[in-house]
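One chain, chain A, appears in both complexes that follow, with chain B as partner in the first and chain C in the second.
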Partner chain A sequence: MDFIIGLLPFIVNGLSLGLLFALIALGFMLIIGVMELINLAHGSLFALGAYLAMVVISPHVPWLGAFGSWYLGLPIVLRYVLAIVLAPALVAVVGMVLEVCLRPTYGKDPLYGLLLTFGAAMVLEESIRVVWGSAEQMLQVPPVLVGPFLFGGMIYSKYQFFASAFAIFIIVLVWLFLERTPYGAIIKAGAHDSEMVRALGINLTRLRLFVFGFGTALAAIAGIIMSPIWGLRPHVGVDAVIPAFLIITLGGVGSFWGAVVAGVLVGLAVGITAGFASEWSLLSMYLLLIAVVTIRARGLFGKKSILEA
Partner chain B sequence: MKEKKISRRQFFKRAGLAAAGTGAVFYGPWKYNRVYASKTDKPILIGMTSDASGQFANSGASDRRGMMMAIDEFNKKGGVLGRKIDYMHIDTESNPATGSRVTERMITRNEVTFLIGALSSGVANAISQVAQKYGVVYMNSNSSSPTESGENCHRVKFVWDGNGTNFAKAAVKNAIEKVGNQWLLLTNDYVWGHNTSKSTRKLVNAFGGTIVDELLVPQGTRDFTSYLLKIQQIKPDVVAAAVAGDDSKVMRQQVAQMGMGKKPAWINNQQDWPDVYGLPIDNLFGVFGTTWYYDLDLPGVKEFVQRYRQMYPDTTMKAPGNVYYNGYMCTKELLSAVERAGTTNNLKVIKQLEGIKVSARDRMQHHDAYMGANHQMQQTVYLATANDEALWEKDKNAMFKILSNVAPSDVEDTDAMAVCKMESYAETPTYEG
Partner chain C sequence: MADIGARIGRWVTVEMLIAFAVLVTAPFWIEAVGLYQYLGVEVLIWMIYALGFNLLLGYTGKPSFGHGAYFGIGAYAFGLAQHHVMTNIWLGIAFAILAAGVAGAMVATFISHRRGIYFALMTIAFGQVFWFTAVKWHAVTGGEDGLQNIPRPDVFSISLKENEALYYFALVFFCIVVIALWRLIHSPFGKVIKAIKQNEMRAGFIGYNVRLFKFLVFTISAGIAGLAGGLFAMAQGSAYPDVMSLQVSGLVVMMTLIGGGFVSFWGPVLGTIIFFVARDILGALTETWLLWYGLMFIVVVLFKPEGLAGIWQDLTRSRRSRKESVEASPLPSLRR
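Up next is the complex of A and B:
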């Protein structure tokens, strides 16, 4: 009994961490699903989102003058909400530009797209370094979200639980969008058979542009939510892209619930292992992947390939 | 004209002789890997082996800036031995394998005269093995695992940072007496973390404390919540953290978010300035060690800070820290040693660096410093904590409050000195660039 009581905080933390992992993987999953493209710039766009949010929340730009002072006088909650809306929108534009650059690679060796997104990741990271420097930055959050709270005799961080709740909100929102709107139906159809979608008269070029923008906006949202926990530095995206890739493989490429379930499983594995065999905590997610892929090569919710049919 | 024909036998004979001759010149018993006339006007080329990416990217930039300021000062005086000083940098990526490759390339292709730079002890060890193979003098500016001047010491390598044992010696006894004897070790799972915690464990046991647990933190950990929950369950009096680089920044933010900075007490072995600069003051909990602070009330410090600000007016870090200081100091001492030696010959420069004593005034520290027999600079160690919030609000650079300074002789790492078995001069290839 004592062991179970002792385990409980780690399960709670693992679930909370898992939801955040799922949030990181969501945009990555959409782009792979519809475009069959591994977007290696996902991590850099995650970082860019957080940096842009930092500017929106606390713009220390001298030429803003009186407007800057007025703006900084607005309540932090308002600036924070504005950042969550504005920064992903700006990152979506960057994502769309990247998609336009990717167009010549469609239908060719997938390696071209992979290399282009790898190059874009490096350009974005260096651009962040040039603009904001390589030192650690802080993304301000409303004071109401800062600090600890007591639960079951243990101290937890308010922000981590806010972040997990926000991750659930975004996951549900994306699910509703995909399942309950005609646009979602088109995206899902595009993920299933893009050529058929084109044959039905749907503009595939525009669909890809939209999906890429949407996926990168989700990366930015994840960046904004995660940076108060992980910190903010130009290469923070590397910390995001590796688990995202792992979660997609574990959950099954292109599967929405696969990404969510795999994210939670990875969170639980990392969180519980850190509590009881700390040196294995990061390794645990790779071991989980190996175990699942050995039994089920296409991941937990991946569809059968033609070869398996 | 009579045609000269070479038979196959003659051809192999001559080729064999030529190969043997070449081998003898370049790899012969003279142990000269590279020979240049040191009185030429060829610039002295410093190879900066510091990180620009990975866990120590930010500190790597500070390390290089320190070196560049020292080089700039010498160049303004006309260089060294009438030769200008140039430098080159290749990113060692906080990765030992890259460190080896970069060092090999800098020596064999770029023909550097000296090597300077390190943050990660794993990388520093890799660099120094290659440097020793060629005989290139290497300044380990900022990596602080006790092994660097212990079992991994080398004739060509000089270590300029205080190590984990030095800082632990300064802090442990006092903390056991004042805070409590139940200690938990939070250890970054790599060479520096392991060796620092090993040293802390030994001292805690020696002073009557108990290590109740040790939690290993893999490099690249981004969620410390599980560790913090475990600490709450164990309830130690003191957490001795040996966590560095980006991992340390993330840990600090999460400890602050959970309000655990005050209880239990935190002893953070060494706190590198670039890892905390710009963070809110509540992230700077606990007591930690450093070798230098920009606001020490000592002669020369203000001028040094002013020179830094003049040279780097646009940097976001408005005050230099310990990493910058070490980068500067080791470069300055290396170039001074070359001046005293009157040559860039490695063995002569090594002999100049061995046993040097530097006055407290020149070091801008409280006590005189001296080079130990294990090639580690024995220097003042400071214990610090977060500054008063009101003072920090007035000046965001004023992050530390120095609690005490400890003389180098009181914190000598005698274990490292005992296990250091470095190569003899005869075993060290001669190198002159």
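Up next is the complex of A and C:
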């Protein structure tokens, strides 16, 4: 029993990490589902979202003048909420531009799309480095969310709980969107058979543009929530995109709950290993993937998809 | 047809002779064009690496985004052999090839039955496992700093301390790799892997053991990466995990593609030269040269996935055959 209680903080850590991983993976999954494209730039858009949020929260732009100082006088909670809305919207625009660039690769070997997003990831990361420098930055969060609290004799971080709750909120929101709205039905149908969707008279070009924007906006939200935990440096994108693709492969391509379950599973694996060998904790997710995929080729909930062709 | 010329032609081509001639004379003119001797060594090593990689990407149509792992394993194996077994160059090189080949074979057993994107994803996962292990396993790899003070042992009592000497040593391996790969690609084995690239399922239906061929290609490619890694450890005097990271693994993909690995044997060689020249020339002008290199890569993928070699072929071919080359696109869709 003592063993379990001793493990509890790690399980809590793992769960919250897993929920955030699931959040990163969701946008990634939507894009894979509808576009049949592995977006390797997902991590860089995640980082871009966090950087843009940092600018929205505390802009250090001299030419804003009086407006700037008035804006900085606003309560931080307000600026934070504004950042959570504004930064993903901006990132969605960047994502849509990327989608337009991707159009010539449709219908060709999926490898070309993969290579293109790889190049885009590099360009985005370097651009971040040019604008904000390589040094580690801080994303300010409202003081209400900072600090520890005690529960059952254990110390937990407030922000971690906020982040988990927010991740659950977004996951539920995305689920409701996919399951309860006509747009969600179109996206799911597009993931199932995009040619058929086009034949039914739905503008596939616009659908792809929209899904790409939506997916990248989710990446940006994940970036904003995650960066106070992980820190903010240009390189952070790689740390995000790898768990994302890992979770998708583990959960199975095109399965919503697969992504969520796999995300939590990976988070738990990392969190619990951290209890025993903190140095090696991240290795556990790769080993988990290799173990699962060796037994079940399409991951936990995967169906046959075009990506195997 | 069966004369001596044709028999030699099976092993050495005119292009090879030109390439070898250019590379043999390189130390005499490289400083005159404003570059430096060490760059030559580095370019040669990466050429070997990229040529081996292209066997996988260009000829079999299987992308690996974690190939840096085998390059790194080769470098570590070389260093560890020098430090813990004995200071001998042949032993080190043999260790490098063997270790990377064994690692590649191990990974290949897991992934050789995967197709399409899943194959690519699994190569990333395994590449990350090796990279992560290299970073964390301080006792063996020296962690982030890596193995230091890897010597350059003598070859038949010729010192390799000078970069020129090491250059010629690497050049010998480059020639061996070029000739061996050329023979391999123009053998029945090469025909089968090209068939796998065209349509994996159909190659299987014809009766080829696709899994075995993919396994072999991956292992050979990893072994060549290990050779390059061993030479790199000598050139740098150290082995460090950075070369195993996803980004640096991606660089070899970019080099191979920009050069035109899909359509030409020499694509990876061209791509490597472009990369290093871009690094040194753009790098001297601006700190953000990777940004420009990335943009160049995007433009190539979008407008000319056949790369530089593809542009060259378009320019040299007659109008009629140009039309044919458009119809037979370099990487026909693998979707049935």
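FYI, the second predicted complex is superposed on the first by the 300 of 309 C-alpha atoms of A that agree within 3 Å, B and C clash if a C-alpha of one lies under 4 Å from a C-alpha of the other, contacts with A are read in each partner's own complex, and residues count from 1 in each chain.
What we mean here is this: a contact is a pair of C-beta atoms (placed from the backbone, for glycine too) under 8 Å apart; a residue touches a chain by one contact, two chains touch by 3 or more.
No experiment lies behind these values; they were computed from the predicted model shown.
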Combined model on chain A: chain C and chain B, fit or clash: clash
Partner chain(s) touched by A:Ile38 [first = chain B, second = chain C, both, neither]: second
Touching partner for A:Ser58 - first (chain B), second (chain C), both, neither: neither
Touching partner for A:Phe245 - first (chain B), second (chain C), both, neither: second
Which of chain B and chain C A:Glu279 touches, first, second, both or neither: both
Touched partner set for A:Tyr112, first chain B, second chain C, both or neither: second
Chain B versus chain C as contact partner of A:Val270, first or second or both or neither: first
Where chain B runs into chain C (options 43-51, 115-123 or 223-231): 115-123
Chain C-contacting residues of chain A that also contact chain B: 279, 282-283
Complex contacts: residues of chain B adjacent to chain A: 53-54, 57-58, 61, 189, 215-218, 220-223, 225-230, 232-233, 246, 249-250, 253-254, 257-260, 274-275, 277-280, 315-317
Residues of chain A that touch chain B when the two form their complex: 6, 9-10, 13-14, 16-17, 133-138, 146-148, 154-160, 228-231, 233-235, 239, 270-272, 274-275, 278-279, 281-283
Chain C contact footprint on chain A (complex, rising order): 38, 101, 104-105, 107-112, 114-116, 118-120, 122-123, 126-127, 129-130, 238, 242, 245-246, 249, 279-280, 282-283, 286-287, 289-290, 293-294, 297, 306-309
Interfacial residue positions of chain C with respect to chain A in the complex: 61, 63, 65, 110, 113-118, 120-122, 124-126, 128-129, 132-133, 136, 245-247, 250, 253-254, 257, 288, 290-291, 293-295, 297-298, 301-303, 305, 331-336
